[in-house]
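Below, each structure is written out as structure tokens.
Each of the next two complexes has chain A plus one other chain: chain B in the first, chain C in the second.
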Partner chain A sequence: MSNNRGVLKFIARRLALGVLTLFVVSVVVFTATQLLPSDPAQAILGRNATTASVSALRAKLGLEHSAFYQYTHWLKGMVTGDPGDSFNARVPILDYIGDRVVNSLFLLVLASVISIPVALWFGGYGARKRDTTFDNVSSNVMLALASLPEFVVGIIFVLLFSVRVWHLLPAVSSIGIGKGPWSDMKGMVLPTATLVIGAVPYISRVVRASMIEVMESDYVEMARLKGAPEKVVLWRHALPNALGPVFQVIALNIAYFAAGVIVVEALFNYPGIGGALRDSVRVRDIPVIQFLVMVLAAVYVVTNLAADVATVLVTPRLRTRIQ
Partner chain B sequence: MAFDPVHGLIPGRFNRRQLILGSSTAAAIAAALAACGSDSKTATPAASGAPSPTDAPTGTAAPTGTAAPIGTAAAGTPKAGGILRVGTLGGANDIIDGQHIVSKADIIRQVTGWEPLMSFSPDFVPEYTNGLAKDVTAKAADDFIVTLKDGIKFSDGKPVTADDVVYSFTRMLDKDKALYGGSVLRSVLDVSGISKIDDQTVELKLKQGVSNFKEALCAYVCAIVPTGYERFAGDPATQVGTGPYMLKEFEIGKQSVHVKNPNYWDTGKPFFDEVHIIDFVDADALINALLADQIDVAGDIPSASVETVQGTDGYKVLNSAGGGWLTISMAVDQDPFTDVRVRQAMRLIVDRDAMVEQVLAGFGRVANDLYAPLDAAYASELPQRKQDLEQAKKLLADAGKSGLTIDLFAPNDTAGLPEMVQLFAEQAKGAGITVNAQVIDGGTYWGDEYLKRTFAVDYWGTRNFLLQVAAGSLKDVSPYPDDHWPPAGSTFEDDYKAALAETDDTKRKVITDKMQQELYDTGGLIIPFFQNLLDAYNTRVQGLVERANTLNLDHYGRGWKNLSFSE
Partner chain C sequence: MSTISSEVPGASAVPGADVEVVSRKPPGVMRVAVRMWRTRIGLLIVGLLAVIALFGRYIAPYGEAEAVGLPFKPSGKTRKPTLFGSANVGHDVWSRFLYGGKPILIAAVLATLLALVLGTTVGLIAAYNRRKLDDVLMRSMDVILALPQIISALIVISMFGASTLLIILTVGLSTVPRIARVVRGAAVSVVERDFVAAAESLGESRFRILRSELLPNVSASLLVEANLRLTFAIGLISGIAFLGFTADPGAANWGLMINENRKGLIPNHWGVTLPVIATALLTVGTGLVGDGLSRAAAGIDRAKGDS
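What follows is the complex of A and B.
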């Protein structure tokens, strides 16, 4: 009972910290976007701006209010689920890029759901078969893959599977008008694979190292001595204790996906937040920039929070400490 | 590398400099992979420069799956049917308006659905072939009678009448709407000057004599829309025009679907059942989509991808001479450029061949500090100016400006401009002066200081000579007077007015020759080159002709009506 209370208190504290982090991020994001060179009204009107049209647009966009007023107004909107209108499209942000956020999240989830089990298997199996040919080869291949930026991996995939060697898969995603990305699963293969290739090496290397450390510990020795089969030792005794660092690296990787999708989306013309972010920076569509950066920050905070909580829950040592 | 013929595109809608940098990486990797000989198709080196004259695909290896290759894209009997998939750079800022464009993608959608009264012939002389007028007669230099072709209908089946023409011109003259289609008209025509004579005829009384008024009627955005027409705001059914295709669906930043206009007036055309215009944010993805057979034509490709396309069987590059140009402008009313010798020295500093090679990757032609190369009245007989550093040094010394130090500004959001100023700064060292290339944020560049700086840059599309003069070379009336031309004491503005009032082509050429001579001798613009238009297409698409043009993809196949799939 007291154990549960301790865990709940811990979660509550981490949640509060997460909210505080997001608040700080919001101040930084708001300040930074305010500091972007050039006036958004000017940027929207571009080369054709006249003094009159710029000042009219500034008034329309609420740019003549004080920075503090703009910030509090914006924060209130973000919290209440109304992040405001896009400067450029003059429509509510959620109508404007809601679909794109969903598309990016779908890609992120798909990449995570595939890469995490694959990485766990490679890492766990590598630890068990330590210093065998399998382990050596897979470690080196993973290291090589980890050193490639995802746009290189993506381009190689496109050349291999779409445009040069084989013509098996589409080079760009082609999601029809008003349809979700799940309507074009064939087009999801290469973007997802590119992200998976970027993530699996990191996660599996941490799994492997963590597992090796645990496998050499006293309690695993004990389990072996009492005659448990190696499989049971590995998956029941060793893995849960090795998961702490693994959760951390998975969280980092999901956060990395959130940024990585921007590159991958451009490469595969995937209609996600990457393109929207690019467009909005270009025309100084500040509300959209702020919204997207906050979404990315929230993904980061939430995954790290989840990883921390999960780590505590699976690791007996930590669980007992917070009582 | 081509820019749009309508001056006033909002720069930076797509940051093509970054895209091009990205593409060169892709092209390098593609070339490397090709060099590995991983595939028999790449036996033709991807690095071969010129387009192969015998480009007949091998048939077996054609990744397109088309079995009937053709030698030239213009050959073959047009076959009706199919869906043409067009790829273009575009984004969340795309609009659809029959008389307005903001980005390149907007131009494509405009040309697909709407048509002007007249059009340019391949020699850039106004004609009626692709226009809605059967005749435009000048009663006087300031009074034009427009007669519509018979039996032309809008895509909704209603006939095009004089009322629609009146509405179209009235809409373009609306200052608040600031439509590009009206950018020339607004300075020469008032709403009171538009009058309907009968159902097929409209009279346009101009504020002054405008001998080249027909050229203004040829602008693709100076198009006819039905009475009551407004910009796309969610309902495709509102987008009625006379063009070959009509809008069926549009998701901004993603894709638009256009279907055959059942009432199209040009008999037998168009050929495709549908045209899909697909937006890309990245030029690499655009080229990959073409080579993976996900699109059929790619408009406006980066020069870095030309070799990749040419090295792949079944695909071709359309390399058309365009009339677009970049300029380094010297404000002739600001020190040190008030002294004509300093301006002349700056023009002699430029190594134009190096500019074409390094800024345009070779896809352009050397220019002579004069604009409007496609105009029949272009002063092509003036000697080609070449780099002459000794003469430049002498002129600078005479002007007391040896060892001059000056800032040259460029925006970071328009491909070619940063490269051009950096190269110019290098070349200027040869004349013993220091030019500081200041590449600044685009939003700042096009802001308050734009058109006020002493030494700066700009980009322009194609216009005929007198239209270009009106747009940029008359400091008191032009919307974009880059070099603050003309200087005090010049007769240039009077000559311009005389040329506008002169309806006799030969006599007008005498005047425009004099004006061009003045610009050539003492002007404030450095025009190092004209840009080519670069596109790529699957060879199953036929009808594209490589010729001098104002718009990409052979004027987008005039709204795709000239293109079809080979059998």
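What follows is the complex of A and C.
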């Protein structure tokens, strides 16, 4: 019972920390985009803007109010689901972003469904066949792939599969307006593959290291010494302790995609939120930038939080330590 | 490290063995690493590309912004003779390539150096002071970690424009917590060692303890981490350029080149292929060096248990 309370306390503390982090991030983002520039309206419109349009924008941003009022007003809009209008598209942000969220989510799910099992397999198998030819070759290939920036991988795919060598797949995605991303599965292949190649090497290394650590740990050795069959050692003693890292892996994977989508979507003209962030940075669409950054940061923070909590819940040795 | 030393039979049976080794001069990770083929190949690749990036401009047949013909013409179809044809606005691909590595390499190295200095300082101070200061420092590092680096960079660029200095600062500063974590992790156990207490009782200043007692003992982890961060910085900075954010949109830059010449992949792919190959080799090269270093560091840890 007291053990349960310990776990609940841990979850509560972790949640509070997550909320606090998001709060601080929101302050930083808001300060950087709206308070720090001496005149954001002028900065957005550029030097050639007329005084009338600058003062109109100033009013729209609420710049005449105190910083505290501006911030709380903005935060209220974000939390209540009314983040305001896009400057550039001149429509409510949610209308502008809605379809894009679906598109990005689809890409993320597709890439995760492929990369997580692949990474687990490579990492787990590599750990079991440690220092064999398979392990050496796959470690070296993974090392090379892990060093490559996403856009380099993506461009190499475009050169290979759509433009120069083979003409199999489209180089840009062509999702019709109002149609779901599943309407263009051929166009999904390269963006998905690029994200998978970006995520797998990084994650499989983590899996490999944590599997090796678990297999060499005292409790696994103890189980072996007391004569438990290898199967029991693996399933009863090693796996429960290796499950935690699996959640960490899923979190790492999603957190990685939260940043990776920006470059990958820009590269394939994929109509998602990453590409939208690039576009809105280009035209200084401040409300959209603020909104998207907060969404991506929230994904990042919430995923890490969920992974931490899940890890503690499934890992026997951590669960007892908390108490 | 327990996983590694437990491989060596009887490693833990020699009490005090590791203390003795650590207090000696730190074993040369670099020297051990250079004996491995992967480090050598990595150094060779990185050296070659660094030479191209830094000095290539002196053998460039044309200027950075000199027109040689119509856009996206293959070599032989340009007005002036070219090796790899023309790029998006009719510049010479080969010359743009020779000019375009420097901005990325220099910015990445400077950002990494900045992050190293600050990250090491924060990490060492946190490890040495513990308690409150440690907590405050590391929690504020966590906040920076909550934003992916490219997003921090985009926020800054959106408000202040893509100046080179700002990009270096943002990439550098957003790397600080990553290095600080590693340094703190490596230094925490060193702080407990006897020679630190000895230095304290001799009345050595805080700065001297951090610099002469702690720093040499985390240098191996630091070297590995520095290399990893350099690899990421190169990817990040060329990625930002690839997204179209550079200080001078007219200046040659590998990342920007890839973006600009994507439209002309069919008539003349060299404008993309050359910088892609260069960026790929550069990052894989630094990755190989980093792997060599980390193997060397792990190997030294392994040997520590042996002696």
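The criterion applied here is as follows: the second predicted complex is superposed on the first by the 274 of 323 C-alpha atoms of A that agree within 3 Å, B and C clash if a C-alpha of one lies under 4 Å from a C-alpha of the other, contacts with A are read in each partner's own complex, and residues count from 1 in each chain.
By our rule, a residue touches a chain if its C-beta (ideal position, glycine included) is under 8 Å from a C-beta of that chain, and two chains touch if they have at least 3 such contacts.
Worth saying up front: this structure is predicted, and the values here are computed from it rather than measured.
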Quick one: on chain A, after the overlay, do chain B and chain C clash, or do they fit? Just give me the call.
-> clash
First, second, both or neither for A:300, with chain B first and chain C second = second
Check whether A:152 is in contact with chain B, with chain C, with both or with neither, and answer first, second, both or neither.
-> both
Determine, under the contact definition given at the top, whether A:118 touches first (chain B), second (chain C), both, or neither.
-> neither
If you stack the two complexes on chain A, which partner ends up touching A:164: first (chain B), second (chain C), both, or neither?
-> both
Have a look at where A:266 lands relative to chain B and chain C in the superposition and call it first, second, both or neither.
-> both
Give one of first, second, both or neither to describe whether A:255 is in contact with chain B, with chain C, with both, or with none.
-> second
Now for A:309: first (chain B), second (chain C), both, or neither, which partner does it touch?
-> neither
Check whether A:143 is in contact with chain B, with chain C, with both or with neither, and answer first, second, both or neither.
-> second
After superposition on the shared chain, which partner residues are touched by A:282: those of chain B (first), chain C (second), both, or neither?
-> both
Overlapping contact positions on chain A, where the chain C interface meets the chain B interface | 37, 43, 151-152, 155-156, 158-159, 163-164, 171, 266-267, 278, 280, 282, 284
Taking the complex as given, what residues does chain C use to touch chain A?
-> 3, 6-7, 38, 142-143, 146-151, 154-160, 231, 234-236, 238-239, 242-245, 255, 258, 262, 265-266, 269, 272-273, 276, 279-280, 283-284, 286-288, 291
Touching chain C in the complex, chain A uses residues 21-22, 24-25, 28-29, 32-33, 36-37, 40, 43, 140, 143-144, 146-152, 155-156, 158-159, 163-164, 171, 212-213, 216, 255, 258-259, 262-263, 266-267, 277-278, 280-282, 284, 286, 289, 293, 296-297, 300-301
Residue numbers on chain A that touch chain B, as the complex places them = 37-39, 42-43, 45-49, 88-89, 96-97, 151-152, 155-156, 158-159, 162-165, 167, 170-172, 174-178, 265-269, 271, 274-276, 278-280, 282-284
Chain A contact footprint on chain B (complex, rising order) | 8-15, 22, 25-26, 29-30, 33-34, 38-39, 41-42, 63, 91-93, 178, 249-255, 257, 278, 280-282, 284-286, 288-289, 291-294, 312, 413, 441-444, 446-448, 450, 480
